Structures are given as C-alpha cells and as structure tokens.
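Working notes for the structure below.
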C-alpha cells in the first residue's frame, strides 16, 4: 500500500520510542517473529482495524501515524492471553497501554474508531484524582450523558436497578489523606512530563 | 667457624612483638644449659640488661647468630634490624611477626592515623583533651624530645633487611627451636653444613593436615560457621563441618595442636615454601569446595546470588586468611583514604 | 492467619455481596483481616491508559501504606486490584528506573516503597495456598449436592503469571477443586479463563456483549446451573448485562452468577442473609433450590466400544496422580 | 579532560581456551573495535583462574582484572566455571575489605559465539575502571603513608589521593 | 627439618618472531619497531634474536625459525602473529623439526587481539610489545613435554539402538571390529520403528529399517544387550570399564524360540505407552512389535498377574519349549565390559503436549500427537492403518495439523525441532491419501531445506492441502455458532490476511517438539560430557567436530546431539563410527600433555581437590594418605591446580610460574608503551635516620 514518506519515521526510531514508553523490564517487542499468536488469541480482534501482530509490523516499518491512529489498542481488554501465549515473551498488553498513552499524547486517538475509550478513562481518573476512589454511578452517568445522551437513558435505568439492589452509592466517597495522594500524583505527572518518554516512566 | 676458641655469640631481639617468642625459647627447658655452654649471650634485652650502645660497640659480623622476632612497625624497629644485620653473621627471622608480619601486620588493614586516633583520642581510657598525638620531634623548654616514627605499613623483617633463615610459628614450638639451635651449634662446632640461605627452618614439609589426626573426606561446604555457632563433631575434619581451618594452606611443624582441640588452624606457620600468598591459597581452596552449583539454563543472576549468599557466611575474609601473613601477602595492606578513615570495610558492604 | 485487606472500590458497594460473604466465611477458615487504612483506588485498567508513572504511583501509595502499617501480607478480593498491586510490586523490582521514579513521586507524599516488602495475593489464592482444601472440606456441613456449577476464573487471577504462578494460566483447576470440595458438580468449562468484556461495557457495548454471550452460551452448553466467579467485574458483566445480552442476541439466558465465597458460606451452613444474597440481577433461588440432601449417584461412565482407542492419561484434578 | 591526557587504565584479562578466548578471536575476525587497555592471558579454563593471579596483577600495577569464561552449564570441562564463580565472589569480598572497588575485578561469561559481547564488555569495563581512576598498588603497598601527618619516615612515594572506596561509593541507588 | 625456597628464573636463549601477516598486522602495528624493541629491550629477559617477517606461517618463515634454532642455539621461541588456535601447531612442528621440543614455543596473538581490533597505530604497537613481553617472560618457564600415549582397546560401546546407534554399530562391525550395543528397551529400532512412512520419498520405515535391525541381531561382531542400561563408566579413552545392568526379561533367551504363544495366552491387556505411544494395547508379557530384534518377549512385572498376585503363570504353562523358557525367578544381572571408545546415540523424547492446555490434548479426544498419528496410519498399528477418530471407526472429514508445538516457543523449547515441517507435510499427504479429508496446515514459517524436500512441499500443495500461516492460538470445543457445534475449533490469526479465523475440524494433529531425553543430564554426567542450555549433548565443535565431545573417546550421534531428520542421523552415526575406526587403527593415541600432577611429598591429604574433577581423574590413596591424578583421565583444565591450598598440584603448560611471569611481562610497559619503573619498595631501604 502507498504510504507517504512523511508518514514513515525511520523504523528503528519509532520502535525505540515504543520500547522506551513501556515500563516494567524489557518488553521484548523487538523479538516479535510475526507468528500471530496474539491476533489469534485476542477476544476482541474482530473489532480491531489491525491485529496486534500487524500493528507490530507497522511499528517495525516505522509507520508511526498509522499505528497511533489505529483502534487496536483501544479494543484491548487486557486479558493477557496474548502476553502469556507469546512464544517470544513479548509484553504485549503493556505495549498496548503504552500505545494508548502515545496516541493520547499525540491527540491521534480521536480519529480511531474507539474515540470514547480515552474519554471514559479521563472521566474515571477524574474521580480518582478528586476522591481517591472510583464512583460507578457518577462515572457511568457522566460519561454517557457526555457521549451518548440517548443511550444514557438506558444507562440510568441500569443505574437505578443497581441502586435498588444496594449496589451503588449516590455520592462519591473521598479518602482521608487526599492531599497526600494529590501531591504524589502531581509529582508523578511532573516527572513523567519531564521524562518525555511518552509516559514510559 | 667461631674464631679463637671463644664461644660463638648469640643475640635475640624483639621488635614489634608480644614476647611470646622469648617465652617459647626459654621453654626449651634444660637445653637452656647447653645453649649457655655453647653460646655467649651478646645481646638479649628480654632476659638481661643490654644497651644498644653495647651492641653498637661490637665489630660488624661479630655476632654469630641473631634470632630476631617481632615485626617492623616503627623506625626504631627498622633501625635495630639494620644494626643487627650488620653485627650478625646469621640473621634469623624468628617467629611469625618477623617472618611474615603476624598480628601486628593486621594493622595494615587500617591506617596509621586511624590507629593513633583510636588509641589516643577515641579510647575511653586516655585523658587527652588537647588531642595530642605522638610526634617524632617535640620541642620543650628543656630541649627536643624525640620518638621513633610510627609506620603506616607494618613490614616483615626481610622487607627491610636481608634475612638468612626463617623460623615460623606464633610462637615457634619449643622443640623446633631447640632443633634449629642444634643445627646451628652443629654447624658452628663441627662445621656441619647449614641449610641453603632463605630456607624455612624449624618446620615440617607438608601442610598441617599432614599432622592432623582428624578424619578427612571429600569436601562439600554449603555454608561456613563461626566457632561459637556450632559444636564440631569430634574426630571429623573441621572444614567439612563448615568451620574455617587454615590447616590445608599452612606449613606443618606445630603438630596440629589447634585442630585437635576443635579450633581451626589459624595459619601461624605460614604458607608452604614457594607458595605465594597463603591467604589466596586458602581462599581459592575454600571457594572451590563451596557446595553451590547449577545446571544448564539456570538464570545467571540467580546463580550468582546463590553463590554470594554462600560465600557471605564467611565473615571477615581478610582477617581470616591473612591472620598471620598480611605483610607477606601480595597486596600487603589495605588501600585506605588519606583522611585516615582506615576502618576495615565489612565484606557485606558490597553488592 | 492475619492479613491486610484491600477491598477496592467495587467491594464497597457494587460487589458488596462479595465483601459480606468473604467477611462471613473468613473467620471459619481462621482468617483475620485488617483493612488497609485510607487505601485509594487501584486505577483499574483506566489510569494506566492515560499515564504510566502516575498509575504506578497511585498503586505505589497503597503498597507504601501497607508497608507502613506493617501489613506485609495483603489480600485483594478483586482480580483487577490484585493484578495492579502485584504487578506494580513486581515491575518496581524488575525495573529499578521505574522504582526510583515511583519513589520520587511517593516522596512528595512522604512515602517510600521498597519492592518486595509487601506480598499481595488474591483472596482465592490465599484460601487455596494458606487455608487448603482439607481445612475447607472440614468446614462443609451442607454440601452443595446436585448443583452444577461452571467455574469461572476470568483473566486476571491467573494472568499475567506474576511469580509464582499458583495455577495454570490457560486451564486452571483450583476453583474446580474447591467447588468439588463444597459438594457441587463442576462442569467442564473450556472458556473458564476467557474475558468477560471488562470495561468494554462502557466503551463498546457490542464488543462486550459478544464476549459475555460466549461465556453464557458455553456454560449453558455444559448444562451449568450457575456460574461462579472470583471477580466483581466479571460478576457485574455476566449478571448485570445478561438481560442486555438476551435483548441483543435474542437469547433467553437465566444464569445466576455468584461469588465463590457465597457458595462457601452456604456449604458452611451460614444463613444467606449474611452472604449478601438478594443483590443479583438474575435470581439464583431456582438454581439453589436444586441443592439436595443426598449426594447424586456418580454419573456412570459408558464403557468405551472395543474399537475405541485409549485416551492419554491426565492428572486427576483433585491433585492426586492419574 | 581531553583524549590525550585522560587516564588510560591497564587491565589484565584472563580467558578460557574454549569460549572466551575464541570470543576474542571472533571479535578480531569480525574486525570489531574495542579499546587496547586490556592485555589477555589464555588459560585452559576459568577453573584454572587462581585468585592469586588477580592479586598478582593488581599488586603488579594493573588497574583492573577481567575474568572471562564459558557460560554456566556450557563449560567445556563440564562444571569448572562454577568453581571460578565461587572463587570470584569470595575474592570480591576480600578485595572490598582491602579497599579495592569490586568494579575493578569483573567476571564475564562469553561463549565462543559472543565476539560482540566480549568487545562490549571490554569497552564497558575500561570505562568503569577509567572512572575509578588509577590504582597504582605498588605505591600503596610500598608505603601508603599519608602526607602531611607530621611523620614521614624514609619518605617513599607520595601517596596519591584515593577514590572513595567502592563499598560506600556504589550504594544501590534505588532502594535506600 | 628445613625447606628450601622458590627456584630462580631459568636462563633461556629466546628467539622472537613478529609476523606482518601481509598488511593484516603491519597495517596497524609497527612490526619492525616491535621486533627492534624486543631484540634491544628484552635482551636481559633472555631474547637473543628478534626478527620480523612477511608471513611467519609460510615455509620460508618456518625455515627462518628452524635455522635460528640450529644456528643460534635457541632454547625457546616466541611467535607474535595470529591466534594460536590457527597456527600453534604449525610453529610447534617447526620447532620439532629443528630438534626443539614443540612445547617450548609460545604464540602471541597480535592480529586477532591487536591489529584487527584496534585502530591507533601507537597504542596498538605498545600493546603488541607488552603482549610479546608477556610471552617472553612466560616461555622462559616452559618445560619440554612429551605427549601422553594410551593404547586403544578395539572394542566399541554404542549406547542406544535407534537408527543412529544401529548405523554406527554396523559401520564399525563391518570394518572388522567388535561392538557392544546397549539398548534400554526390549528391542532395537528406536523411534524410526514406530513410523509409518518416511519423508520425502514416502518409503515405509519398517521396510528400510528392519533389514538393518536383522543385520545387527545376526552380526558376529556385535554383542546386542537389549533391555539393558549403562550404570557406570570408569577408565578413560582407550580403556573404559563400563558396568551394564541387564534387566531381567523373565524369559530364557537360550531356549525361547520367539513363537509368541505366551503373548497370545497372556490374559492382561495394558496400554502400550512406549511403542504404540499410548494409542494401542499390548500384553503383560510382550514383544514391542512383530519384527522386534531380538525376538524374545519380556514380562512387564508391574502388570503381570503372577508378579502382582502370585498366580496365573499362563505364559509359562503354555510355553511349548522344553525346558520352559519363562523363568519367573530371573534376576537383573550386572556385566562389566572393557571398551576403547563409546558412541552415545540415545535419541530424543517427544514433547508432552499436555503442557499446552490450550491445544486440548488429553482433554479433547480427537487431538493427536505426531507419534500417535504415526501409529494411527501405520499398517501394523492399532487401527491397521485406518486414519480414524478416537472412537476407532469414524473417518475425519476435516483435519488440522499444527506445526511448532512446543518448539520455537520460549515458554517451552526455544529452538526449531527441524523435522516438524516435513513431518506435517507428510501427515497432510497421508491424511488426504487415506481419507480424502480437507486438510489444514498451520505454520509459522515453512522450512523445507535439503534434497527433494521443497519438491515434496510442492507436491502436497498440488494435492489441495490448505496452508494457513499463523501460529494456532487455541484448539477448543467451545462452540460460538451453530456451525461449530460438535467440532473442534482451531482459532488462529491467518497472518496473510490479518484476520482471526476459527476453523472447525474433526481431528487435530500436533507436530510435537523433539526434546532431550528426560535423563540426558544424568547420562551426560555418567559419561563425563556436557549438555547445552537446551539439554542436548554438546559436540566438541559445532561445525568442525560435530560428533566428538570434549571428553576423549566419547562420541555422540543422532538426535542426542540435537533435533535432526533420518538422513542426518544416519550420517552422524556413520561419522562417529568413522572417527572411532580411525582411533582403533592408530592402536595408540597421543594426548595433549597439558596435565595436572601432584607433588606427593607436598600433599598433606587435605582432600580439598578430591571432588573437583568431573573426569574422575583425581583419587585419594588411603594407604599413602595422599591424592593422585590419573594423567590419562586428566583433561588439563587446571581447576585442581588453582584449588590446592598447599601448592602441591602443578599443571604443565599452565604452571603458576608461567602465568606469574606472563603477568609481570604484560605489566612491563604502560598503556603508551613506556617501561614501568620497577619500584622495589620493600627491598632493604637505606638505614633510616633514627628517630
């Protein structure tokens, strides 16, 4: 397929960028032998525009934009099947996380089919950063009101059902030492920004 | 050899030592009478009042035999070594200190300044608010007071003067001493041949194990123990029980006294002749039989960690392996910083 | 046995049934919990999708607090919390750089965490490893005879295999064995470690519903009366979204989804009231009604025909030799 | 500090005849480049490596010693490199006590096929030892008298400033 | 009572020869300067002549050295050129021709270690000088050595009766030397005997193997010990003493005619885990297969009713021979044999597919291993060659064949098992041929090297077999759609279209990896050889010496050395045989005199060294209380030399003196080549002013 030269970074650079953005020891991506075990194992492969394997091939080819525009990693459910099955012990799930972060940093995810995922994540961590705990009701409602006002009705019904069964709070809980948590998270973000490794830690 | 019928002259001097060598010498018992018959005591400050001036008065080479014990730790020691070398026909490095540094040379693991500080400042006993340290020259109204310089590195006798023979041991065994004296006497009186210069005399041929009655087998040591940690099984080689014993690396001649009472050999008779660095020999021997191995495909870091664990049960290798031979070891001393922070570095410091 | 307890956000409310039943059975197994003081959310799979270091710092705070409160043996009942806590500890150990950065961040909150100082395990893992099947068996007073259960592990309790893997990441059998000990009939459940859809319910519902359908279908194919889970997310997706699945695929599944702790409680003779029953979307009472007083007759093996070829020997799942 | 006047450490390397010496050969045949600071001695096996060789080299003026052998489990004499490994660790303990930074004595496994690894490790070690500075043990052993302490008898060689001893210098940075 | 000190450095007349190697060395090292320097500065060290020359290894170069030895009366030679692994032999021979003991020559590598790895001319030259100084100092301590000569016993032990061992045994025996062939199982034949057809020619394994088996059984020079295992090995190349345990057969092979009546009458049916790979049955008294060599059956006591419950004896009752050939009282016997060389052809084990649960083997009835399938389509197999499902009757309509099961996977075996691709192609062909089913092959990379292999691939392609490039993710019976009900579904990414596919089939065949024998490590230790990280026996050199090992007199052949197909296995069997025959022809063998020895009077019997030698060369003489080293067993590694706390063990060619001297030499020059001021700090200093 025709790829404009501009879209193609020097192969090794992008691979290096991805590796650097993946913490937790050597992610071993450079060992990939393109066997497809990941793509074969993935429960949501059907929804992905590229199978993980293809995505890796694109990374090796240095096709940065195409990779970061892909919806593949947004459909990753982090079930770790690919990771434990990979014959080369590539940390695939972690790489998917890394790609999500890079895509967000580059603002490219919006073009991917799964524009909502990051939004949902944002709403989620909003609560975590303000309360220290997640908050299902707020999470679900706020997220859905924002992104599908219509679908939200259904969601609210679901929420009500949860509430009826005593499975949901109407108000979020806040941890005691929120100040400490905020300090930690802010410092962490600062470090991450300074580091400029696409959040590779 | 001895001129005009006059009795040959014997000298015995102590440098940095504990006096144990003299006591061992006097322990030869009734043989002392023979010694007295055969020799003129020319210089023996430990048992009679001799002055250095007396010694200086002798013609060079006029003393037939000098037993020099003690290490060279100060300028005075070295001065006396040179003096006695001049005066004596046969100079013997007598006992472990003179031979290879012995306990005094363990000071080489730290620095002169650390020692002076410990002794004159940090000890509970001294009352030294001004923090005065000994100086070679101190001016006082009456004039100048002098002290011999205190060396940073303790040396063996043969590291400052030429030595004819070595008698190992801390102290040397009395019967060995007597045997040595007999050879010399034989040489002096009947002109019997002396052993070649540089020989170790008053010792055996092989290692201490040769004289050790404890049962020995193939060795596999999973970890080491310090003497207080276990009660050794009687009759069984201490090494095999994980107790450090320098017997295998130490010249025989003592009759393996220590191992027989359940105390590992400390190595006071020094290495076998021709062996460079007794400590290293013991180190390599012990390490070789540490019972940590692996199989193909083992994680190399994990393997290294297991080995490190096992060896780290051997506390203070330097002090253990160079108990007596520090001055004669290849490295001779520890490398310490100029500020005199000469504390010995605990082996567990490194990762 | 004393453990630190990290409930995680779900168990506070949505999975409160899990929390209550866990608290009810724990004392019978000699387990004593001390809840981690002022714990915070583990970030689920969301936080790490946006920021790496803050995500690890977020979890790092929990670990640091645990160490500070001398809770060196932590238990997390939620698979996602468990994996986040355990993974952060391991990655900090494997990646000194990460460890340094996380600790720099923690320092801003006056905290520090030394990798390896806290061992985090899943509640189920603790029951298997520390309590043991014998001790569980000793507690059973009302065996769950006749109840056909599909043992559902989900992904995160067996994957990724953080040291030491306590069961097979593809085909674990410890939950099967536990349920057998409780007297239930465990059906073969090939998809026992497949994904429940996770947070896809929020992002791409269609994707999630298909994953849920696969699980429900397989359980039904093997005539299970119910699915037993170890994880709040799995329970919510399979139970709460079952109606949605039926609408979406025109199916008619009515498969209760319970926590293993709830079944333990029943087998231990505890009243359903203390086990958080009544909060399910799919009513389990019909299924539970099947529980009989008598052990079912062992299903007879039909003799293989004389032409049939022998099958390879497999290890017995009760841990014994084949 | 310019190329010209930067400190050039002298390192004695020990190789086993079957793996690491052949790795060195391979590095040569493949024209890989590494700094000329290492001078090799061929032994039949890393099991022949007598710690006394290391001490001898250091005492004789070497700034570091590189010990190489076959990977564990691949020793051509089956299991002798395990002995080398044990000796190495005990020796490091000893050297640390004697004020020699452990980095100055390094054990590296290199198979006959790992010419690249060999070259890399040599380069790395030269850098490490250069950082640690000159060892100059002959001067240490000769006298080691600290200057300016008011008493320098038969003042020998001026004792040069020593680097901090490894034991303190190289604390694991991550976990205090 | 007195012991004398160290011996002084011996005086020597040393010649130094520096090679230009064309521009290989001279291009970077100032060779002429180096030679000049050596002649001038190393004179005190004993150098009497130093020359440089274009190519020292050329005849002229060698003659130069020979001439100097004769005319200048050189007693030592140092050649600074390439790696000793290239030309040490060359220059040693030159010395020998000139009447100088070859071991008085030392090589210094200034090409591989200097000119080829360094660029700065000055620094390279300096290093070259230092290396030569090291060589000069060292060579002075060299001693003349004579090779260790050992006689070679003409009998050879072959361990393992698979095709590799069979080939080796026949080659040696046919050339007129006796062979003892030891096989663990009741019959020789190995894995090959289990196969149906062999790729790529598809000729039947039995048809080509049986004649060889018979030849072994009837060969006058081959002693066949089946149902036997080697227990211990003593001695060394030329004269090994081997202890072999002959397991009780409970059948008297003297009288047994192999009629097989006992087998027929035996009431106990047992799943045959070995020969039938668990797919078929045998009796408690059995012969692995009809063409077994030898033909005598054995009793499997674990399942025999008589041995378990003390009654039955059907086999004995019905045995037609007089006296009866069934002997329940038979015992294992130990036999001692003397051999000169040993060939290990112990083969491989098949990967246990249960270790990959997602492939369903053991849980899903119709998932087979490659070995099971071999038996399935073998005319002599449990189904008489019918390719059917586990029910024993149904023919599959769709079959999936999965490559690389347990191979090329860091979770199991991180290597390619070599034979799987061709084997899977063979299976595909056989399935088509026998059932006409649709066949899918799932592969990562199709590897068909070697003669006629790729042609076979072409043939199978033409037969309409489907090939899916992708490593199978899972094999499951969990149906998602009506079309999948009752089938086995193979889930895989078809990497050529980049989609996940689920392909329903009736039968799955797993091309399982070849693994080292479970006891390979133990066996290796018994014979004093090594295993690689993957567990295969290590050859002496991967390319140039693939059937020899580091232990003199021990050779390896076949899959014990690594996965390989039948042609390669046969070739190795023959190669090992050729090496052995060569040895036997020499009648005597000269071993490198690099050996350790104990100075008895210095040995105190501390026994530190006693368990350090993997070649069992070190033994303790209880009577003398000292340790001894057997020079023929010693391989010269020097570990004991380095370990002896008393310095009582010396090693020729690598003595402490030699290494010390070399260290001193290497340190004579600093980095830039300037001589280091030899400070003698501890020599008697001038008498100090007192105080």
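Residue numbering begins at 1 within each chain, and the chains themselves are lettered A, B, C, D and E in the order written.
Operating definition for what follows: a contact is a pair of C-beta atoms (placed from the backbone, for glycine too) under 8 Å apart; a residue touches a chain by one contact, two chains touch by 3 or more.
Just so we're clear, the structure is a prediction, and the values are computed from it rather than from any experiment.
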Using only Cα atoms to place each chain's centre, name the chain farthest from chain C.
B
Could you let me know which interface, A-C or C-E, is made of more C-beta pairs in contact?
A-C
Can you check how far apart chain B and chain D are, centre to centre, with Cα atoms defining each centre and the answer in Å?
30
Quick one: report the Å distance separating chain B from chain E, using the average Cα coordinate of each chain.
52
Approximate Å spacing (C-alpha centroids) for the pair chain A, chain B
70
Express in whole angstrom the distance between the two chain centres, defined as the mean CA positions of chain D and chain E.
34
Find every residue in chain B that makes contact with two or more other chains and list them.
75, 78, 136, 149, 276, 281, 284, 288, 295-297, 332
Give me the residue numbers in chain C that touch at least two other chains, ranges are fine.
170
Residues of chain E that contact two or more other chains, please.
358, 530-533, 612, 639, 642-643, 656, 660, 682, 685, 688
Where on chain D is chain B touching in the complex?
50-52, 55-56, 58-59, 71-74, 79, 82-83, 85-87, 89-94, 96-100, 102, 109, 135, 137, 140-141, 143-147, 149-154, 159, 161-162, 164-168, 170, 172
Per the touch rule above, chain E residues touching chain B in the complex are 1-7, 521, 530-535, 601-612, 625, 639, 642-648, 656, 660, 682, 684-685, 687-688, 690-691
Chain D touches which residues of chain E in the complex?
83-85, 109, 111-114, 116-120, 123-124, 126-127, 130-131, 134, 525, 528-533, 538, 550, 594, 612, 614-615, 635-639, 641-643, 651, 654, 656, 659-660, 662-664, 666-667, 670-672, 676, 679, 681-682, 685-686, 688
Hey, which residues of chain B end up touching chain D in the complex?
75, 78, 109, 111-113, 133, 135-136, 149-153, 276-277, 279-281, 283-284, 286-288, 290, 292-298, 300, 303-304, 307-308, 310-312, 314, 316-319, 321, 329-340, 344-347, 349-351
Touching chain A in the complex, chain C uses residues 9, 12-16, 38-41, 43-54, 56-58, 60-61, 87, 90-91, 94-95, 97-98, 101-102, 104-111, 155-156, 159-161, 169-170, 194-195, 197-200, 202-204, 207, 211, 240, 278-281
